[in-house]
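Next come two complexes, and both contain chain A; in the first it sits with chain B, in the second with chain C.
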Partner chain A sequence: MQLVAGERCALAASSGLVNLAPDYPSKHFLATQTLDEARHVEIFTQRLFDLGVAKEDLESTIDRYANPNLVKFAEVLLEKVSDGDFIAGVVGQNIVLEGMAFTVFELLEATSRDLNPKFAQTLSGTIADERRHVGFGENRIGSLISEHPEKKPEIEKMQQEMSYYMLATFADVFSASGESIDEGRKLAAQQGADSLSTEWHGADLETATIEEIEGVLADTVLGEFKNRLGRIGIEYQSPSVPA
Partner chain B sequence: MSDIAQIHSTPDSEGSDAEPEEPRRRFELEETGFKEVPKRWRKFYRHWKGEGDSLGPNEVICPVCKVVIRSTREFRPGDRVYCMPCMSRMVVVRSDDGSLEAKVTY
Partner chain C sequence: MTPTGTASNQGDTTDTEAEPHQLDEETFYGEVRSFSFWFEAVEGYLEGRPYGYDPAMPEEQLDQQHRERIVTTLCNYCVGEAAALEAASGMVRLAPNHNSRIFMATQVADEARHLEVFLHRIGQLGVQDPEAEVQRLAHPNIVAFKARLLELVDDGDWDASVFALNVLLETLEFTVFRYHARTADAITSQILDGVVSDERRHLGFGENTLGHHLVAHPDDRARLTEMKSQLDTLVLGAFEGAYDDLGLHRDQRPQLGRDYLEAVERLGLLG
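After this line comes the complex of A and B, so read on.
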């Protein structure tokens, strides 16, 4: 559910950025990214149908289960796009949102590889797309931000706000995932646990607690934000920790 | 060799003057199962396998998309590198711990 909500935000943001782009190479890339995001929305929506969501219930189900903090995360980004702020929009979309998605998809792919190879394959294709998206974000904004240093404080504030809502989303999702993760581990044990041990950024996903997985994910994403923003000359701002 | 392949292994003369002038080791690149770029270029990339994986002298990690970029010759500081999966251009530098790493150029 959160994947569909996140990809819908990415679709709205990337399509909005096409007309804001100051040059045609950027417009061309963002148009291809828009197509990528539409495909992601389509495949993750199909997965909801495969899991039993009726087509006529799709919108009401998303409205009901989309995490409110993820919705706020999206609103911060989409406000920059609707204000016509290309640089902030690309940082929010291609560095913050895509940076988060890149790491979350890697974690989901690692946990799905043995138990759900079809979903893992879908995620591999999505990760390949995300590589191009983060690459565009860093490469294009890396040069633009040096021409507009006055934008930095506003962008840093946006990153801090988006990071807060991202951490709040992680906290909500992980606190509600205990049973399903236990269920997955039982299933893994039945299928032959020897082949299912998965290490991810130093955590053994087979034995780590929910809190440990959430902590590793949050640290990895925030570490990536810090590195990516640092490379393009923006100072990473630590978000406050959600209650 | 095509233009893109040449970016992966620039002429020795473009390396740093401080580096020894020993001839570069050459490597046969095998298929790695990396399917995110056209077939012709797949041998130049592989996925990083996480803890327990290590880089060869002809490999650097793309800091943007975390793919391992491979060359037919060992890397030296000053070499220019292109990451086709994320379209980033980089230069190889010597890090503080003595290892080689790729630094993005904008």
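After this line comes the complex of A and C, so read on.
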């Protein structure tokens, strides 16, 4: 459910950015990104249908289960797009949102590879798209930032705000996932636990606690933000830690 | 069902091919508004054609006047395609349901590709700065139509935007491009064939969406008919501009305008 909500935000943002792009090559890239995001929305939505969500209940189900902090994360980004701020919009979309999605999908792919290979394969294709999107963000925006250094404080504030809501979303989702992760591990044990142990960014996903996995995920995403923002001349701002 | 675009990729649409507006609603929604349908449709006429045509195809020798006429025509096509790209991208957020959102996203990619291939072709024909040439040669009517279309999108008016983009503008482009593909040089003709295949899908979406809407909300018919009356001058003026660029004789023009009238008549919006 959170994947659909996140991808819907990415679709709305990337399509909105097409009109704001100052040159045709950027418009063309963002048009292909719009298509990618639509495909992601479609495949994750289909996953919901496969899991039993009725088509007529799709919107109400998303409204009901989309994490409120993820919704706020999306609102911060979409406000920039609605205000016509191309540079902030691309940083929010192609570095913050895509950077988060890229790492979350990597984690999900690692945990699904053996237990749910169909879903893992879906995620692999999505990860390849996200890598291209992040690359565009870094390449195109670096030069625009150097032309408009006055934009930096506002963009840094947006990054900090989005990062806060991202961490709050992680906290909500992981705190509610304890039972399902335990169930997954039991299932893995029944299927042959020795072959299912997966190392991800230094954590053994088979034995790590929920808090440890959440911590590794948060550190990995924030580390990516710091590196990528640094490459385009933006100073990473540490978010406050959600209560 | 064979995807419409695939079947028409050679530019030789047959009478037996089902037009999207002729599909029943359930089939239409299931077939046409998905990423996989779009992908299946376009791969037939895009594969091996990075700029919309087979790179092995030789360039015809064009005299100066003919070349300038094609450049002027393509520049005005670019104005229409830029309008379509900006409108479609804005409409993704306005789409009232999942299927329509996905379809509009595929249309965004289509429109961006059209703009890309036309700009590339203008460059191939010897224009150093195609974007500047588009600005220089744009006809006032198509520019005014673009401004009005984007106003509708900015106002968040989904039904009016679908009408202006997917019925009026797409009919104009579908009609003119299809005619032009029959008379243009081989490379331009192949580019236009691929674009026409897309326009057919877009037009089908517009007619199905609005047709369904007008059955459920018949009171909206008067509003859209009024809008058509307001836009007629711009649409017909854009037709005239395109005809002039193509060097089309006056007695051939009503034949092409009929497609436009048939499209709005199918929606009961002749006024």
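Keep this in mind: the second predicted complex is superposed on the first by the 243 of 243 C-alpha atoms of A that agree within 3 Å, B and C clash if a C-alpha of one lies under 4 Å from a C-alpha of the other, contacts with A are read in each partner's own complex, and residues count from 1 in each chain.
To be clear about the criterion, contacts are C-beta pairs under 8 Å (C-beta built on N, C-alpha and C of every residue); 3 or more make two chains touch, one makes a residue touch a chain.
Predicted, not measured: the structure shown is a model, and the values here were computed from it.
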Tell me the contact category for A:Thr45 with respect to chain B and chain C: first, second, both or neither. second
Just checking: does A:Gly142 make contact with chain B only, chain C only, both, or neither of them? Give me first, second, both or neither. first
Counting only touches as set out at the top, which of chain B and chain C does A:Ile232 meet: first, second, both, neither? first
If we overlay the two complexes on their shared chain A, which of chain B and chain C does A:Ser240 touch? Say first, second, both or neither. neither
After lining up the shared chain so the two structures overlap, which partner does A:Val134 touch, if you call chain B first and chain C second: first, second, both or neither? first
Between chain B (first) and chain C (second), which, if any, makes contact with A:Trp200: first, second, both or neither? first
Any idea which chain C residues touch chain A in the complex? 34-35, 85-86, 89-90, 92-93, 97-98, 101-102, 104-106, 108-109, 111-113, 115-116, 119, 131
Complex contacts: residues of chain A adjacent to chain B: 102, 128, 130-132, 134-136, 138-139, 142-143, 146, 199-202, 227-228, 231-232
Enumerate the contact residues on chain B facing chain A in the complex. 36, 50-52, 63-65, 67, 83, 85-89, 104, 106
Touch list for chain A against partner chain C, complex: 11-12, 15-16, 18-19, 24, 27-28, 30-32, 34-35, 37-39, 41-42, 45, 58-59
